[in-house]
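Next come two complexes built around chain A: one with chain B, the other with chain C.
Right, the complex of A and B next:
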């Protein structure tokens, strides 16, 4: 189960910005997935969202109502009256309304087909989720894994350094960061991957082999360490731990 | 007079010790390590050993007991056997495709992990720790009577045979392609991970019968979905 007290600690200043985007409907994709998860377990995140919702509602309530001008009403009444009474020689709407409606419908369908691919895809469903924090308890990075949602697409793990902490991942002058999984079953720590330079960006996606995916599914927690170039030479993590945190299976956590 | 006698004895002893020391290396040239380096053909390996030599001021082969050459782009270990006093040799993350040194009779720790090896046949009477994970190994043959740990996970092993692994305590074979494994001659084994191998259920049943051994396999792995 998620530890809500720890998650509240993770809700740093970025949380407020995410809450604003969430309340205004601007949050999209993986960030939306992540924040939705956080929202279910973090009272702080909920408070941030409530705050922005109240602010936005208050904006609406404080907008003064304006009475329409007399001539506006007269213009509306005049146009509706005109539509009701047909003059001689005028064609009844029933003759052109049906073809027009059909045309409009066809145009709408074509527009929808054109615009549909341009709309943002719904956020993929996450399977496992971990928030990794440093030795001081500050959240550094989130790791969210996604199972094979489409055949051939493969399992993957999104490593996000910026959503929780407004920092860039460390760029060691020498060596590599290495991601480890501590097994729920036997408590042994096994390497998932050595992160290369491209995978140490603000967020990056690791495509996981079946064996790597298996380590994630069996993970009690994930650990990121600083290792020599190429990773740990003995297949065990060094003592230079940058971040660690529990890994949860979302299906179980959300039951 | 007595103090003079004592100091004469002291100088005599010192001279004898110095002569003994010289005679023990009399078979070696003035700088045996330097001479041995000429037998190393791989430039990256030679450079690594030369750096160690400079750092540790090695002059005699007996001084070269540990060698760590990681991430150097080493392709060949030819000539390494000259360094017969090596007890630890680590060549992690290089480009070594073959390993055939003989004569490393004191070797206790060997690391060839993350090298593009395809086949390895290894006989060492003293070797205790062997690291060969994340290579391209397909066949592995071992005779290591002193070995206690073998890490051969994340390879492509289809065949693993052994003659003597009588002291082996930990065996890591996770993520290979093994369909069969002789588990009947590993009397000291107390941990083995063979998950992610296409082994038959009968073998898993036999593994479950191993006394005093924890075996992780796909037949008892709760994480498998």
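Right, the complex of A and C next:
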């Protein structure tokens, strides 16, 4: 329940801007994957996207029409014919017993096997989400973890600096920012990563090792601190905390 | 045909498509495919690619027609959104663009097809009124992003500026447009 409230609070502040980016096609990569997940579950997010789609479509009033090629309808008719035979509840079971239909089914399976490698890889799934706020309570950065969509692809952490709120990502003149996880199991704070300059830009992505992934999945909250160059020498966060925020398991928040 | 009647006609065709009515689906395709192909080609840049996008989109329309909810979106908005997102997917998949750049200002004189009338009637120039309140760079950025699927990087390249500047223009445009458009809702 608390997680749902936190996610709704985030959406209340950010969904309009994200929906505009989504509707204009600016939202890409893991950030788009995350927002698509939010869209599936949040009526608030859906309303924002509907608003922008409904308004921006007027831009197409000046779009010249272009008759499609003849082959396009033929391909659609062919695809939908196949899809229809596979629609549940629309085909008599007797159909499947007919020898000719069995042959057609076998051909379809062979075609499916041939076409399978051409289908896009499944999108990675967002698992954990955190809004890290500064001392004044302003959202500074969001962190979203994505479990690997297939073995070997690795887990990722999308770090999105909230430049939408007119706060440029901090660029320390000296030293590094360091990302920490506070464990919900033993309350200890452990380092996830020292952030380099490329990770202090909007929409940067960290590839997580299995050990880093475990820290994220066990995290009660995430913390970003300013440390000396190369990261904290003592393995503990400094008192110069830039942002912190609770870690939400999306599966629970989106129920 | 008044826009309300045209909307009702499209809603009916989508509803019949949801029931597996092939002639209705073909009628829907005949009614909108030229307009939607026009939307797609502005994003993907070539006729072959736009026809592929149209094909993918109409297969999706056939499969998902049951999910269309008239209380959430006008039928043409629903259809256009499907085509646009498929076109953007295609662009991401190809990772390159084959089209030549058309400056946003040059497109204003182009106005043909029955759907242009519907779109203009439906929205009563509200978007154009609100766009006119943006500065040229902000308005051009929105049009390039929406109509041609340009990324911030591509917009920055075409307008000869930095990516962060384009981000700022788009953010300001979003804020101003929302403030202006909300009065019509």
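Going forward, the second predicted complex is superposed on the first by the 131 of 255 C-alpha atoms of A that agree within 3 Å, B and C clash if a C-alpha of one lies under 4 Å from a C-alpha of the other, contacts with A are read in each partner's own complex, and residues count from 1 in each chain.
Quick note on the criterion: a residue touches a chain if its C-beta (ideal position, glycine included) is under 8 Å from a C-beta of that chain, and two chains touch if they have at least 3 such contacts.
No experiment lies behind these values; they were computed from the predicted model shown.
Asker: Contacts for A:190 in the overlay, against chain B (first) and chain C (second): which applies, first, second, both or neither?
Answerer: first
Asker: Once chain A of both complexes is superposed, is A:207 in touch with chain B (first), chain C (second), both, or neither?
Answerer: Touch status of A:207: no partner.
Asker: Taking the superposition as given, does A:76 touch the first partner, chain B, the second, chain C, both, or neither?
Answerer: second
Asker: Looking at chain A, does chain C or chain B touch more of its residues?
Answerer: Comparing touch counts on chain A for chain B and chain C gives C.
Asker: If you stack the two complexes on chain A, which partner ends up touching A:218: first (chain B), second (chain C), both, or neither?
Answerer: first
Asker: Pick one for A:51: touches chain B only (first), chain C only (second), both, or neither.
Answerer: A:51: touches chain C, not chain B.
Asker: Return the residues of chain A at which the contacts from chain B and from chain C coincide.
Answerer: After superposing on chain A, no chain A residue contacts both chain B and chain C.
Asker: Quick one: which bits of chain C touch chain A in the complex? Just the residue numbers, please.
Answerer: 20, 22, 25-26, 29, 33-35, 37-39, 41-43, 47, 50-51, 54-55, 58-59, 62-63, 72-74, 76-77, 80-81, 84, 88, 92-93, 107-113, 115-116, 119-120, 122-123, 125-128, 142-143, 145-147, 149, 151-152, 167, 170-171, 174, 177-178, 181, 185
Asker: Per the contact definition, I'd like the list of chain A residues that touch chain C in the complex.
Answerer: 16-17, 20-21, 23-26, 28, 46, 50-51, 53-69, 71-73, 75-77, 79-80, 83-84, 87, 90, 120, 163-164, 202
Asker: Using the touch definition from the top, list the residues of chain B that touch chain A in their complex.
Answerer: 70-71, 90, 92-93, 111, 113-114, 131, 133, 151, 153-154, 172, 174-175, 195-196, 214, 216, 221-225
Asker: Which chain A residues qualify as touching chain B in the complex?
Answerer: 184-186, 190, 210-211, 214, 217-218, 228-231, 233-235
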